[in-house]
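Please read through the structure below; I'll follow up with questions.
To keep things simple, chains are lettered A, B and C as they appear, and every chain counts its residues starting from 1.
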Amino acid sequence: TFGKGIRVLAQDSSFYLKFGARFQTLYAGRLNLETDEWSDKMMIRRSRLKFDGWAYDPRVEYKLELAVSNNDNGNISPESGMAANIVLDAVVKYNFAPGWEVWFGQTKLPGNRERVISSQNLQFVDRSAVNGQYNIDRGVGMQLHHMHKIGNAVLMEIGSISMGEGRNLTISNVGGYEYTGRIEILPFGDFAGKGDYFGSDLKREKTPKLSIGVTYDQNNNAPREEGFTGEFLDQHKDLKTIFIDGMFKYKGFSTMFEYADKWTDGSPVVADGVFYTGKGLNVQSGYLFKNNFEIAARYTSITPEEITGNEEFTELTIGVSKYIVDHSLKIQSDLTHTDNQFSDDKLSFRFQVELAF
Amino acid sequence: TFGKGIRVLAQDSSFYLKFGARFQTLYAGRLNLETDEWSDKMMIRRSRLKFDGWAYDPRVEYKLELAVSNNDNGNISPESGMAANIVLDAVVKYNFAPGWEVWFGQTKLPGNRERVISSQNLQFVDRSAVNGQYNIDRGVGMQLHHMHKIGNAVLMEIGSISMGEGRNLTISNVGGYEYTGRIEILPFGDFAGKGDYFGSDLKREKTPKLSIGVTYDQNNNAPREEGFTGEFLDQHKDLKTIFIDGMFKYKGFSTMFEYADKWTDGSPVVADGVFYTGKGLNVQSGYLFKNNFEIAARYTSITPEEITGNEEFTELTIGVSKYIVDHSLKIQSDLTHTDNQFSDDKLSFRFQVELAF
Amino acid sequence: TFGKGIRVLAQDSSFYLKFGARFQTLYAGRLNLETDEWSDKMMIRRSRLKFDGWAYDPRVEYKLELAVSNNDNGNISPESGMAANIVLDAVVKYNFAPGWEVWFGQTKLPGNRERVISSQNLQFVDRSAVNGQYNIDRGVGMQLHHMHKIGNAVLMEIGSISMGEGRNLTISNVGGYEYTGRIEILPFGDFAGKGDYFGSDLKREKTPKLSIGVTYDQNNNAPREEGFTGEFLDQHKDLKTIFIDGMFKYKGFSTMFEYADKWTDGSPVVADGVFYTGKGLNVQSGYLFKNNFEIAARYTSITPEEITGNEEFTELTIGVSKYIVDHSLKIQSDLTHTDNQFSDDKLSFRFQVELAF
């Protein structure tokens, strides 16, 4: 079936592979509301090849995801060996006991919900600025996942130790490790089709479904301005982040919220730079009509720590989506008004076509 | 069948994929006819992964083509985000009415025939210098294609709007947009197997077949020396190009010609550089023997605008090809004499093996 | 079957493809035994996509192997066109007569055994320092392979001509060509499952099996410090290398040795740099228990030519491996003591998970 990948099961059932590819074509224009200047661009925003399945035993799962668009893979830098930076996920997951999994490799850390939702499965053209400014992205290390039930409620606990400087570095670990813990509770049980981790209520939940998650992340002696990305600074700081997020879906209506707070012990300003610290809030809601046409709205507020000199801003976004085949073939457009503390206010228009198999 | 790709049709007919891969191994040597110096190189000239098919509805076609050889993908540059530059084509085509298609994404612009013919399907080891100097390559944008018949004749009209600076940029659009129009007429009807867009008369047309095409391209406020490539200049110019090209095939005999003229309004010389303007002509013919052995000859003349200071040259090429399985498994070799206006004359020898599935 | 790739045979038997992918996740830590400083890193050490099979005729074989991890593909450099450097192997092999093959393209040269053994199939977490310092890696060119029998013994002779500067260059050939010859003799016949070219006696040979190989390589007018890699120097030297290596396997026991000697005519020190010349020895043995758990030990000694100023060192390594599914799903760990001539001694710990399908 389209959107489900090319699936291969070995004749002796010793192996399962699902292969998929996708690309997003984005047109983005921005109007400076003070100067009336228009600037725009068009690009293959993301393009991915994805391999996942299990090997030898269904309890040994793997995932390999490659980013092939230059808007999407990583910068060539000395820290990443001056080489093409294509691998996003490369992880082995071992389901060693019912409800328990250990992960080993590179993948997304158990951070904010918006980040962990695949960029294929978003309600708007792209993620909000809360994610852009505060997310903890991917890391290389180990994760322990535990999922269990208490009555009807589903609980998840995730713990992670990782290197702390993001993906695909070739240099030795700088500073300390990164420790991440996350708890999720789904008081009314599982969402249909793992709907707590995709945008829009495409499954039209018959009963209300809710997921609340809390993450605490501590990146010890972090060397990079934004933890997993940004310039490498000479002076390191423990970088701490809290995320509180939730997803609610019912009969085509969906709402997601996310609160982030990032700080260092003592000042985030060091001799050769500034760590990006502060708070952010994102709230978004959408309603999916019978014809798989959706209207959604989003409010985002970013409040960096004042001492960093970074700018406060709020964004109001209206989005429309036509889900031809769920998130596998869809057209999305949104309009965002950005109210900046210092710089000129902007109005942004985006139009995107997503095709994924 | 070899050369037709790995084809997958979803059990519920909701999806079709054709996957192919290929590589070209090239040995190229060049003799300086004045100094008698020989220089050579050998390389994986091109290597590609190709995904195409349709999604959900046979009228929704897609194509994703990746270049994995460093001789073939793009330079790492600040304008392309200092990231690996692998995506060639990523385009969705919607056949919204019989004979009509709208394309959205990144792909080849409707420029000169030699460029639009895949590098897999050439009559010689590589394209001619007319293409090298004047082609308009790929762009990101929209295209509208219309195909219809008048009696036995086939007509095509193509219109395109694109960003104007080539593929895979991460920066905002510079200068204006690029507008391209193309008309093709096939007075004696369609070629067998789309033979108007591959080299050599491998289908041995039983009746004479002809295609004539004309393209007009206007790249407004173009910032790059050669439009889609070259240095970004501070001073921009409207860059205009005309191509007139044709393909004729009959009983193993094929001939292709191409005329190009590129100019700017006013001088192509600006404060910080020179736009590559001028004229070019390429004519080539080949005859395919019964044993799929072909001998072909090519004459190419390049006449840059004198004020640019770029050099005139003419090339005479003799090529031999053995098509073991059409353009999917073949051995090609050619010998080129280059007569340069200023620099030393050269004699070039090339030998290439192509394998594509 | 897991570990055997996704295999596709065309319905008309005109084509065969085996597709595989793999990745290695490595944790590596190093203790400086003088300062007691610990430094570590974790990374996707290698990640590959592999296509091989035959085209049109089973005697026409091809192989395309891509490296997608930045720890594994090549540096972006002016000599390689400032472009992503992903292609490892792209080669066509033609079995033109029984026992004879001609290869055309880019692939590993017939150098030391440890190098030609795939990085997937090693007995330790990674290859020894003998390979690291002296191997001749990959090249672009032609190879002639001949295999035949004398009684029970198997003999192989390989000759190769290549460009001499490693893989994926876009510049013209520098200096002269590289000529490589190799002879192998397997006095007691073929190893089970080509076991002369993978680590560990996973096939548990019932009778003793032995392979001895000798390579002589001459890289004429070599421009790079280490032949296929390193800085390009202005002054070139003929770089000559001898390898003598062997593999022995019997009832779960395996031993491999390798001796390398690299030298230049005259001094390896030139005006703008130093060619890496000297000798190296590696000996390793392992025993595979019934439960596919292996213990292995390795001794490596590196003796650079004194005039180069490069440091002598010896390494002693103890490795343990659990082969869950041969080399396709395995966990390996090793501990290495390095005794350096000048710099501080080190103790290195490595842990790696390999998954390949």
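As a working rule, a contact is a pair of C-beta atoms (placed from the backbone, for glycine too) under 8 Å apart; a residue touches a chain by one contact, two chains touch by 3 or more.
Because the structure is predicted, anything quoted here is derived from the model rather than measured.
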- request: Give a one-word verdict, same or different, on whether subunit A and subunit C use largely identical residue numbers at their interface, taking over half shared as same.
  value: different
Message: Only C-alpha atoms count here: how many degrees separate subunit B from subunit C in terms of the superposing rotation, rounded to the nearest 5?
response: 120
Message: With centres defined as the mean C-alpha position, give me the subunit A-subunit C separation in Å.
response: 38
Field: Overlap residues in subunit A, where contacts from two or more other chains coincide
entry: 74, 76, 84-86
Query: Which residues of subunit B touch subunit A in the complex?
result: 8, 10-12, 14-15, 17, 51, 55-56, 60, 62, 64, 66, 74, 76, 80-87, 90-92, 104-106, 140-141, 162-163, 168-173
Subunit C contact footprint on subunit B (complex, rising order): 1-3, 6, 21, 23, 25, 39-44, 47, 68-71, 73-77, 84-86, 324-325, 328-329, 353, 355, 357
